[in-house]
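Across the two complexes that follow, subunit A remains constant while its partner is subunit B and subsequently subunit C.
Presenting the complex of A and B:
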């Protein structure tokens, strides 16, 4: 069975990790704890023992949370859980920190089931494992129950060229819906430093100033009615997340989505990895740059309001999810993909045809 | 799953950057649609095929529009042109010459001086080679300038303050320069990565240009950057941590020092337009501009350049125009340095800036570390490894780590870093070049 195939990146990374380990056996942990160093932190190149690495890793996240005031005592917090390494580590660390520093938070796992056979069923098993390990409540919301469509059926309709658009738009809203159902105060997502740096680059490549403006924010909220999203792993390197999960022996699911991964994002990711090889600090440097940039006032700010059809956060009317859904239900799946004017024409055309059909019946 | 940052990124992939029909730039044997007089000679992306005179009118108009819309120059303005002899340089110079010779009502008029800034001092340590390379280069520039006899060009170097006319530069003079540039060259060679070296040279070139402009009483500097240069520079400068000054680095106007403004009048032209302009006018230019062509070595700048070229070539062929349009939307977060008593002479300007206490000594942009959570996080990571010790418990320890992180971010104990922006700190992570910078 190929289900639990670990991606190549992880394998090569871990093998390199062990090579390093054998070389630095004699070095003492930099924290002066007296133990031998067993690993080299990708982020700072410091040699640490396992215990000190855990502590450093966790303390950094704690510092991010407290300095940026991500949570308040007594809050209900949903952790967006996909079963992947980022959300698994996030759930684990949140539980540890909540207890160690008495955050007094009620943590709940929130998962979205897109309905992708052979991918999501397996990763949901991992999430259920997390639920049992961490003793947290788990809520699974499916596209099927929210929208009446699974990704499998959507792909049947539209083919594989635009499926990531549907999946992304629906998941974004599904998290909002789930958060509302669970009555949580905020949603914590597993976006790490690499993800954010990559997104800065992507938004420049797409010329998307509105998203460029907000993609480095550690906390995003759409306005009064919406539930804020926070990124406690904003300053955590992907490599360290893999390392932490590995040494803590955390169970996570690690395959790419079986539907064609986004080729363009793939280019940006490969580019970022190349940059990181020549300058490891590039990830933080890009985030810093993203935060420092200012934009001309003439560039209109996207006002994020509420979709009048479904009542969830959106910057357009109706929201993208509603448009895509209407397209699927009308049998015009391309509706939300192109320009709005084109979509309107397609709808008008279909309405006209329907009218004719009705007339002909008589 | 295509899991990443959905809320921050509409997952439509790279579709937006693909042209509908990968424009067949073939020209059919037909009359120009604009004038209906001449046969077409060129087909630009997103445009109909054009005849020669319509094309020349079109690109010259683009240049005039970019320059004119800013209303920044007037008849009395003294402008210094950073001339390296590239195709874009020659194109810009030819356009300026043409604009100077137009009929009165549309004539462009300001005073133009050229400077060739020699960067050769970093290329080789062998004096014989260095001398030969530099004399060859000087001759090459002189040959190109013969096409423009009405302009004078002065010779300057990135390391030294010399402002002689290029026509009178002798072997002896160059030999003396090579000797005097040893300090600069040793600083350059002490920088440990190519990314930092390239970044350093870029900044020092700007500083040398400002020095020359000051010496020649010019209050404007022209650079010939075109859209592809700016697209690449936007991305590489973001990767270098220079987000706070990027609008000055890629925009039409760099006014971080208000009495010497850097202007990019060719920013709206693309490579195809420049190459065609130079070709149609039979203009001679240097095919390579860099002495040290390290193009094959990995650096942030070279990787970025390759990345953009690859995307552009492989079916995402509006990458450059998308990224470059993005650069037009970035605003400057600088208040400019005003130049009281004309203190742009760099040593004086440096001390002046030091008083202001908030400018980077090297690149002159506003210091960007004071309120940055990200830079704090970087320092926190560094401090935590040394002080974490798993067997020590308690908040007291955390407070200590916090304090040292905050101090490191603000460089309380590092006199040099205190006056450098984050990007410039990255150039000299370990080396001790205080004397040079101050």
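Presenting the complex of A and C:
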């Protein structure tokens, strides 16, 4: 311990000396490896060199996986891959850890093609690159084949106000469907610490207690019939994910979805980034707060069941995906948006009009 | 003095979608990252200012590296740019 402190003093002294003589400032790696530090870890404020950063980054994810028992030896695991930074880093790290610590997992990439021209078709190229680089099987499932609708066509129907609702609901279910097709034991997603902290904030701001209760879960499973989802990057900072990808020269896709302004999340995100600037630990602190919250028994707990129409996980009957799809196919795209009673009225109205039309024909 | 400018993670979108460029900075003056950001704002930025800057610094969520070292270790805005430096701006705010 003492030795450690002395070295720290020497390093501080040296860096000051360098600074005063207006030479380039050098801060050494905290792990005492003698290398030049390249970044300050937001979670711990430790200065690390590239190699020690890689080790620490990978080890922490390994500890998250083992401490929470996310996988069992011999399992088939789908990695939800969008071609973005998080899933690219997840796929890379999962491959590294699977080999280094003999997890004995069969890793498969699972991608969803929403059918957004100029966005998803480009990012899928990145996923195909991942497939070749990491020698993993890749399954691409499209909204078109699952639902008969691409996002491009859905946007033509609904406009640019509620399109993200469709995309989010359909993607969630598409991952479940893909997981079932691939016969995997679980799906790993690239949600990082910043995403989760953001979601905690958003759920608080919206008073969405049901989601607040479950959004910090590292493993979500909806009962015996559904395939669990796990978040190995739950405690990994976005900054470190980007730094890791940069230093490892991983290629990822970083274009914003052309349809997604997602304004509300944007506010939570900007707020969080501002807070992080003054207090980097805030991201872990918010996740911790979310994890420790306890809820009154009087608050209704959502019970996850199975949609009787399509057979996939849902907490309502029929599931949201089925309602949205029915709306699209009836030419009433707003059907699943807003209150159920409003939707029922729209359907009744349409049925009535149809009835009248038939009568007039006679 | 010659320097290299590098954009990644979507930050290039704010600079005419050019990922890498070589720049010649006026040798007569001392360049800090503070003054260089102003230069970028006036000469290179092609998208909305608030997407790149907040106050006199970069918008939180955009990482700055000099020769692959986090600028937080180099004094951030006060860092004095050296000839042949490679300055990278990497957005963490795009996609996922």
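The rule we apply is simple: the second predicted complex is superposed on the first by the 336 of 362 C-alpha atoms of A that agree within 3 Å, B and C clash if a C-alpha of one lies under 4 Å from a C-alpha of the other, contacts with A are read in each partner's own complex, and residues count from 1 in each chain.
The rule is short, and it goes like this: contacts are C-beta pairs under 8 Å (C-beta built on N, C-alpha and C of every residue); 3 or more make two chains touch, one makes a residue touch a chain.
On a predicted model such as this, the values are computed, not experimentally measured, just so you know.
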Quiz prompt | When subunit B and subunit C are modelled together on subunit A, clash or fit | solution = fit
Quiz item: Once the shared chain is lined up, is A:277 touching subunit B (first), subunit C (second), both, or neither of them?
Solution: both
Quiz item: With the two structures laid over each other on chain A, which partner does A:82 touch: subunit B (first), subunit C (second), both, or neither?
Solution: both
Quiz item: Once the shared chain is lined up, is A:267 touching subunit B (first), subunit C (second), both, or neither of them?
Solution: first
Self-check item: First, second, both or neither for A:254, with subunit B first and subunit C second
Solution: second
Practice problem: Figure out whether A:195 sits in contact with subunit B (first) or subunit C (second), or with both, or with neither. | Solution: both
Practice problem: Name the contact category of A:60: first (subunit B only), second (subunit C only), both, or neither. | Solution: first
Quiz item: After superposition on the shared chain, which partner residues are touched by A:314: those of subunit B (first), subunit C (second), both, or neither?
Solution: neither
Exercise. Please work out whether A:226 is in contact with subunit B alone, subunit C alone, both, or neither, and reply first, second, both or neither.
Key: neither
Quiz item: Is it subunit B or subunit C that touches the larger share of residues in subunit A?
Solution: B
Quiz item: In whole Å, how close do subunit B and subunit C get at the C-alpha level once superposed?
Solution: 6
Quiz item: Where on subunit A do the contacts with subunit B and the contacts with subunit C coincide?
Solution: 82, 84, 86, 123, 195, 256-257, 274, 277
Quiz item: Mind pulling up the subunit A residues that touch subunit C in the complex?
Solution: 22, 24-25, 27, 36-40, 47, 50, 82, 84-87, 123, 190, 192, 194-195, 238-239, 241-243, 246-247, 252-257, 269-270, 273-274, 276-277
Quiz item: In the complex of these two chains, what residues of subunit B are touching subunit A?
Solution: 1-17, 193-195, 234-235, 237-244, 246-247, 298-300, 303-304, 307, 310-311, 316, 319, 322-323, 325-326, 329-333, 368, 372-378, 380-382, 384-391, 398, 401-402, 422-423, 426
Quiz item: In their shared complex, at which residues does subunit C touch subunit A?
Solution: 8-10, 13, 59-61, 63, 65, 68-70, 72-75, 80, 82, 88, 90-96
Quiz item: Can you list the residues on subunit A that touch subunit B in the complex?
Solution: 30-33, 35, 41, 43-44, 46, 48-49, 51-52, 54-56, 59-60, 63-64, 67-68, 82, 84, 86, 114, 116, 119-120, 123, 162, 164-165, 167-169, 171-172, 189, 191, 195-196, 198-209, 211-212, 214-215, 218, 220, 229, 235, 256-257, 259, 261-265, 267, 271, 274-275, 277-279, 281-282, 284-297, 299, 337
